[in-house]
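Let me begin by handing over the structure; questions about it come next.
Here the chain labels run A, B, C, D and E in written order, and each chain numbers its own residues starting at 1.
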Amino acid sequence: MVHLKAEGIKKSFEGRTILEGVSLELKEGELVSLLGASGGGKTTLFQILAGLSLPEEGHVFIDEREVTGKPGNVSYMLQKDLLLPYRTVVDNVALPLLLSGMRKKEAREKAAGYFELFGLEGTEKKYPSQLSGGMRQRAALLRTYLFKRPIALLDEPFSALDMLTKHAMHEWYLKVMEEIKLSTLFITHDIDEAILLSDRICLLTGSPGKITREILIKEPKPRSVEFHLSEEFLEYKREITKHLLDGKIR
Amino acid sequence: KQETQTGNTEAENLKKVTFVLDWTPNTNHTGLYIAQEKGYFKDAGLSVDIVQPPEDGAAVLVASGKAEFGMAFQDTMAPALVGDNALPITAVAAVIQHNTSGIISRKGEGMDTPKGLEGKKYATWDNPVEKAMIKDVVEADGGDFSKIEMIPSTVTDEVSALKTKSVDAIWIFYGWAGVKMEEEKLDTDYFQFADLNPVFDYYTPVMIAGNDFLKNDPETARAFLGAVSKGYEDAAKNPEEAAEILCKAAPELDKGLVLASQKYLADKYQAGVDVWGYMDPKRWNGFYNWLNDNGLSNPAIPENTGFSNDYLPQ
Amino acid sequence: MIRKSQSITNKLWSCSAVLGLLLLWQGICSAGIIEAYLLPSPASVGRALITEFPALMEHGKITLKEAFAGLFLGVVLGFFIAVIMDHFHGLYRAIYPVIILTQTIPTVALAPLLVLWFGYEMTPKIILIVLTTFFPVAIGLLSGFQSVDPDEVTLLRSMGAGNVSIFRYIKLPGAMGQFFSSLRISASYAVVGAVISEWLGGFGGLGVYMTRVKKAFAFDKMFAVIILISVISLLLMKGVDYLSKKCMPWEEI
Amino acid sequence: MIRKSQSITNKLWSCSAVLGLLLLWQGICSAGIIEAYLLPSPASVGRALITEFPALMEHGKITLKEAFAGLFLGVVLGFFIAVIMDHFHGLYRAIYPVIILTQTIPTVALAPLLVLWFGYEMTPKIILIVLTTFFPVAIGLLSGFQSVDPDEVTLLRSMGAGNVSIFRYIKLPGAMGQFFSSLRISASYAVVGAVISEWLGGFGGLGVYMTRVKKAFAFDKMFAVIILISVISLLLMKGVDYLSKKCMPWEEI
Amino acid sequence: MVHLKAEGIKKSFEGRTILEGVSLELKEGELVSLLGASGGGKTTLFQILAGLSLPEEGHVFIDEREVTGKPGNVSYMLQKDLLLPYRTVVDNVALPLLLSGMRKKEAREKAAGYFELFGLEGTEKKYPSQLSGGMRQRAALLRTYLFKRPIALLDEPFSALDMLTKHAMHEWYLKVMEEIKLSTLFITHDIDEAILLSDRICLLTGSPGKITREILIKEPKPRSVEFHLSEEFLEYKREITKHLLDGKIR
C-alpha cells in the first residue's frame, strides 16, 4: 500500500524554480533514499512533504488523505541534529511527547525506556554538548522516532559523522529499523550509504530538480560489510555516479 | 513616613501637610524640626512631612501642589513671579528678618570692602542678580567691577576653598558658612550686602506656599505657620535645645557648627518685629523695584507681588 | 580542580591589586601630599564606614528597596517589550526607534521633571530606575529571541507545535544567556539609578544621605557612601551571576 | 532594492510613532489637562528651540568639544587597556576586577570630587567623560580580541607571523565589529557625560545652560535642551554607524 | 630524496598519549595521504610537522635539517578554509606574501596572477562569504601554495564539499598538481579520495596512534573516473577498510 505520495510538486524561491513536477511514493516499511547535488532542492522537498512549506503546484497525500501544508503528520529529522543545548538529553528526546500534551514525568519515563535500544543508556541527565557526534545523532533519531508517526523523513542523518562512527551507525540503524518498522525517506550525499541502507534510491537532478531515475537495491537487509565491498555494490555505485555526473552536465 | 507610625487613629484626624526644604537640612530650618519634635504641628491638627527636594526644585513643587509649603529666597524666586514662566506661589513668612549674606575672604587681603575684590578670584554662580548686586556695591565703593576675576562656583566646602586659595572671595550666608569659618579658626574679612545698600536687605530665606492652597485652605496655612512660628520662637530662646533637635533630625551635621550657627541666628529670627515671619512691604518692594530699575526682571515685577503677611499668627 | 585553583589565583591577583591601590592611597594621605579635605585617607573612610554603619544601613535599605522594585518592574517591562517586539513585526518597527530615543534622553536631566509629575515618594524614583533598567533587558532578550536558530523553530513546527510552545521550549531558554548578561548590567544601573533618583529628594536613601554629607563637608562619609554603593553593585552583580549559573546548568559543563 | 524600500517603510513606521506621541502630548497640553509649568507643550518647546537656537548652538559647541575630547581619550585609553589586558595575562587578572570596580562607582557622585581635585576648567569634565567612555570600548575590544578564532592564529603562526602581524591581520580586524558597537554606546555616554560634568560648573555648555533655565523656571527651554541632547546623541550614534559601515565593508554584502 | 622526515614522534594531551612512535617520510613530488579515525591524532601530527607544537619525543627533519618546533618551513592548510572574513579574496590569498615582507601592491598583483590557474578569476575583489564552498577551498589552497614552501600539509581540504563539487575539485587538483609540483601530505576521511589522489596511503590507527600500514597506489596519475569505479580500486578500498575496522577493534 502506498503510504506517502507526492504529485507534481513545484516550488520556487525568489523567482528561481527549484523543483518542478516532482512525484514520489513511499510504501509501508520501505526505506527510500534521495540522492542529488547540493542545492538541488532535497531539503526543500522534505519541507513540503512535512507540511512546513506550501508547494506552488502539486499535492502531498498520506494514506490517501491530503496533507499538503499541514505539519505534524510525519516525523521529520532536520539536516542538523538540533538537540536543544539547554535541555538534558532525556528532556530533548521527550520533547515530542511533551508537545503532544503528555505530563513531564510520564514523558521522561517513556523516553528513558528507549535509551537502551538506541544505545544511549547513561546519558539521560547529560547535556547534548557532553555527547559524541554519534550519540547526538542517535538521540536526534530517537526524538524523531518518539514523535510516533508511521513515516519518517531523515535529512542527512549521518553526514556529520566520521567514517568509522558512520559505519557503526549504519550497522546499528539497519538493526533498529527491523525492530521499529518505520517507513523512511532518507536524504544523503553518500552514495555508499544510500546503496547500503535503501530499498530504493531516487535521483533528483537537473534545474529545476526532478526525479530522473529510480534504482531498486535488491540485496536483502541487513546488508553486510562484504556486500559493501562486493562487485555487485560497485555496479550500483557505477550506475548512480554516472547518472549524477550526467545530470550535472545537462 | 515616620509620622504614619505614630498612632493610626490620631493620624486620620490630622491634616496632611508637606513642606519641601530648599535642599539639605540646616539651621534655617530649625523651627520646622522643633515644631515637629515638640508636637506643635500635631497640636495644630497637622501631620507634616519634611522633604528634601532636588536642588532648586522647591518652588515648582509648591506651585504644582506636590507640597503645600516650601523654602525659597526672595532673589531667586523673582523669575517665578512674572512672565511666561510665572508660578502660582506666594511668600508667606520670612525665616530670618534680615539678609545676612555677604562676601567672605581670607583676612588681610584687602577684601574687607567691595573695592578690594578688584583683581581677585570670585566664585560666581553666574546669576545676573548676583552679579548686578556685586557690581552695585563695588562701584559704590569706587571699584571697577570688570576687574574682578570671575570663576565658576564649584565650591562645596567654603573653608577649604579659601584655605587652598583656589578662590579668594565667596558669597555666603554668615549664619552657616561664616560661622563655620569661625569654628575652623580661619581668620576672615566679611562684608554684608544689607549694610552697604539698604535695598539689599531683602528677605532670604522665606517660606512659600501655593496660591491655590492658600485660597482654598487658609485655615490650614494659618495653623501651619502658627506652629512653625512657635518653633522659631523656641529656637530663639534656647539655641542649645534647637541645635540638639536639628542634629537629631540630620545626624550628618557637625554638632559644633550647628550649635554655633544656632547661637548666631537666635536673635535674628525675629529681630525687631513683633511677629515671626513678618515681611515689610517696603523692603520687599524695594528690592524688586531695584531689580526692575536695573532691567533684571522682564517684565517688571509690580508692587506687592509675591508675598503676603495674611497667614501669619496675629 | 584546575579551574578552582585558577579562580583562586585570579582572586589573589585582583585582591592584591585592590590592596596595592589602597596602600598607595593611604601612603599619599599619610605623607601629607594631599590634604585631608581634598582626599580623605582610607583609614578615615574606614572609620566613617564603621561609625556611620547604622545610618548607612538605614539609608541603604531604602535605596535597595527602590533599586529592587525598579529593577523588578524594569525587567518585567523589558520582558514584555521584547516579547511584543519579537511577535509583532510592525510594532517592532514602530517601537524600536522610540525606545532608542528614550535612551538618548539624559535620565539625570529628566529627574527633576519626574519629581514634578509624580511627587517625591517612591514613584518618580522607580520610574527613573525602570527607564534605565528596562532597556538592556529588552534589547538583550529581543536579540536573544531573534538569534534563535530558525531550524529549531522548524523542528518544533514539524512536531505540530504552536507559537506558545515555540516560545516556551526554544525562544525563552535560548534567550536566557543574553537575558542574564543584560540583567547584570541592569542590576548595576539599578543601584546607581536609585542613588541618582534620590538626589531628587525624599526622606531617606543613600542619595539623600550623600547630598547631606556633601553639604556638610564630610568627605570621609562621602567616600564611605560611594564605597558602599560600589559594594552593593558588586554584590548584586555577583547575585545575578549566581542566579544565572543556577538557571542555566547547561552552561556549567 | 527590496532592502531599500523596506528601510523606508521602517522609517515611516518609526516617524509616525514619534509623530503620534508628539500629537498626543500637544493634545494633552492644549486641552489644559496639565499646566504649562508641569509640562510645556511641544509647540512652546519648538518655539523655545527656535528662539534659543543661537544660544543652544553656542553652548552645544562647548559640550560637543568636551564630548569629543573625552570620547577620543576614552577610546584611546580603552584601546590600550584592551591591548595590554589581551597581551599580559597576569595584568588581565589584576586589572579586570579593578576596572569593573571603577564602573560600579557612580561617576555622577565622583563629579564634585573631581572638581575639587582638578579645578573647574576642562580637565575634570574630560576625566569624567573618559571614565564613562573607556569602559565599553575596553571591554568590547578585549572580548573581540579574545573571541578571535585560535585556528586563524595557528594559520598565521604556520606562516611564520609574529605577535605584531597576528594583531594587525587578525585581532584588530576581528575586533572591529565589537569595537564599533561599543563605540556606539560610548558615544552616547559621552554627550550625557559632558552635560552632567557641566553641572559641576563653568561658563558654558548645555549643562550650564540647563541649570540656568532651570533656575529661571523656563521648562520649555529645559525641554528644548533635553531634545537637543537627544538629537546630538542620535546623530553621534548614526555617525558611528556610518563609520562602521565604511570601516567594515565586508559586513555590507 | 627524502624531503620531510618525522622520527619517533610522541605527543600527549592532559596525560593521555595521542601519538607514540610515529615515523613518516615524504619524498619529493610525492602525494601521501594520512587516513585514520576521528580524534586519532592526525591534526596533532600535522601541527608537529608544521613546527607549531613540540613533540615530547622525536624529531622532524626537512632535507636533513632539523625543524622540530620551528614554524614557517612548510605550507600548512588547516582543517577549515580559514579565509579571513574581513579581507577580500585577493588580500586573503596575498597574506603569506605580505607576511614575508612584500609590499601590498606587489603582493596583490602576484596573487592575482594565479587566480586563473586556480579557477578563481573574477573573485579578486569579493569577500570570502560571497564565494561558494568549492571556491573558498580553492582560495585557501592558493593561499597555502603562495607560501611557497616545497612541502604542503593539507588537512582535509575537501571534506566540507558536497559530492559533485568534490568530484570536480579532485579532477582539478590532479591537474594543478602536475603543474605546481608540490610534495603533499594529505589528511582525509574519505577512502575513495585517498585512493584517487595519493601515491601512498598511511593508516594511522590505535590509541596511542601509530602508522600501522602503508599502501602504495600504483595507478598512474591523473586517475580517471573509470579507475574510481574499477575492480582494482575496490581492492584497495577493501584492504584499507578492513585495516581501519580492525584497528578500531584492537
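Here is the rule we use: a contact is a pair of C-beta atoms (placed from the backbone, for glycine too) under 8 Å apart; a residue touches a chain by one contact, two chains touch by 3 or more.
The UniProt protein names, listed by chain, are A, E = ABC transporter ATP-binding protein; C, D = ABC transporter permease.
These numbers come from a predicted model, not from an experiment.
K.L.:
What chains, if any, are shared contacts of subunit D (ABC transporter permease) and subunit E?
P.N.:
none
K.L.:
Using the touch definition from the top, how many steps at minimum link subunit B to subunit E?
P.N.:
Step count on the best path from subunit B to subunit E: 2.
K.L.:
If you average the Cα atoms per chain, which one ends up farthest from subunit E?
P.N.:
If we average the C-alpha coordinates per chain, B ends up farthest from subunit E.
K.L.:
Which pair wins on C-beta contacts, A-C or B-C?
P.N.:
Higher contact count goes to B-C.
K.L.:
Averaging over Cα atoms per chain, report the distance between subunit A and subunit D (ABC transporter permease) in Å.
P.N.:
One centre to the other, that is 52 Å.
K.L.:
Once you find the CA centre of subunit B and the CA centre of subunit C (ABC transporter permease), what distance in Å lies between them?
P.N.:
38
K.L.:
Could you work out how far the Cα centre of subunit B sits from that of subunit D (ABC transporter permease), in whole Å?
P.N.:
39
K.L.:
What is the distance in Å between the mean C-alpha positions of subunit A and subunit E?
P.N.:
Each chain's C-alpha centroid was found; their separation is 33 Å.
K.L.:
Please output the residue numbers of subunit B that touch at least 2 other chains, ranges allowed.
P.N.:
Expected reply: 56, 60, 64, 156-157, 160.
K.L.:
For subunit C (ABC transporter permease), give me the residues that contact two or more of the other chains.
P.N.:
38, 112, 116, 214, 219
K.L.:
Write out all the pairs of touching chains, ordered by chain label.
P.N.:
Touch list across chains, by label: A-C, A-E, B-C, B-D, C-D, D-E.
K.L.:
For subunit A, which residues count as touching subunit C (ABC transporter permease) in their complex?
P.N.:
Touch residues, subunit A against subunit C (ABC transporter permease): 47, 50-52, 71-72, 74, 76, 78-80, 82, 84-87, 95-96, 98-100, 127, 129-130, 147.
K.L.:
Any idea which subunit A residues touch subunit E in the complex?
P.N.:
Answer in residue numbers: 37-38, 162-165, 167, 189-191, 225, 228-229, 231, 234, 237-238, 241, 244-245, 248.
K.L.:
Applying the document's contact rule, which stretches of subunit B touch subunit D (ABC transporter permease) when the two form their complex?
P.N.:
Touching subunit D (ABC transporter permease): residues 56, 59-60, 63-64, 76, 79-80, 84-85, 87, 126-127, 151-154, 156-157, 160, 166 of subunit B.
K.L.:
So in the complex, which bits of subunit D (ABC transporter permease) are touching subunit C (ABC transporter permease)?
P.N.:
The touching residues are 9-10, 13-14, 16-18, 21, 38-39, 90, 93-98, 100-101, 103-106, 108-110, 112-113, 116-117, 188, 191-192, 195-196, 210, 214, 219, 222, 225-226, 229-230, 233-234, 237.
K.L.:
If you look only at subunit B, which of its residues touch subunit C (ABC transporter permease) in the complex?
P.N.:
For subunit B paired with subunit C (ABC transporter permease), touching residues are 1-2, 20, 23-26, 49, 51-57, 60-61, 64, 66-67, 156-157, 159-160, 163-164, 180, 250-254.
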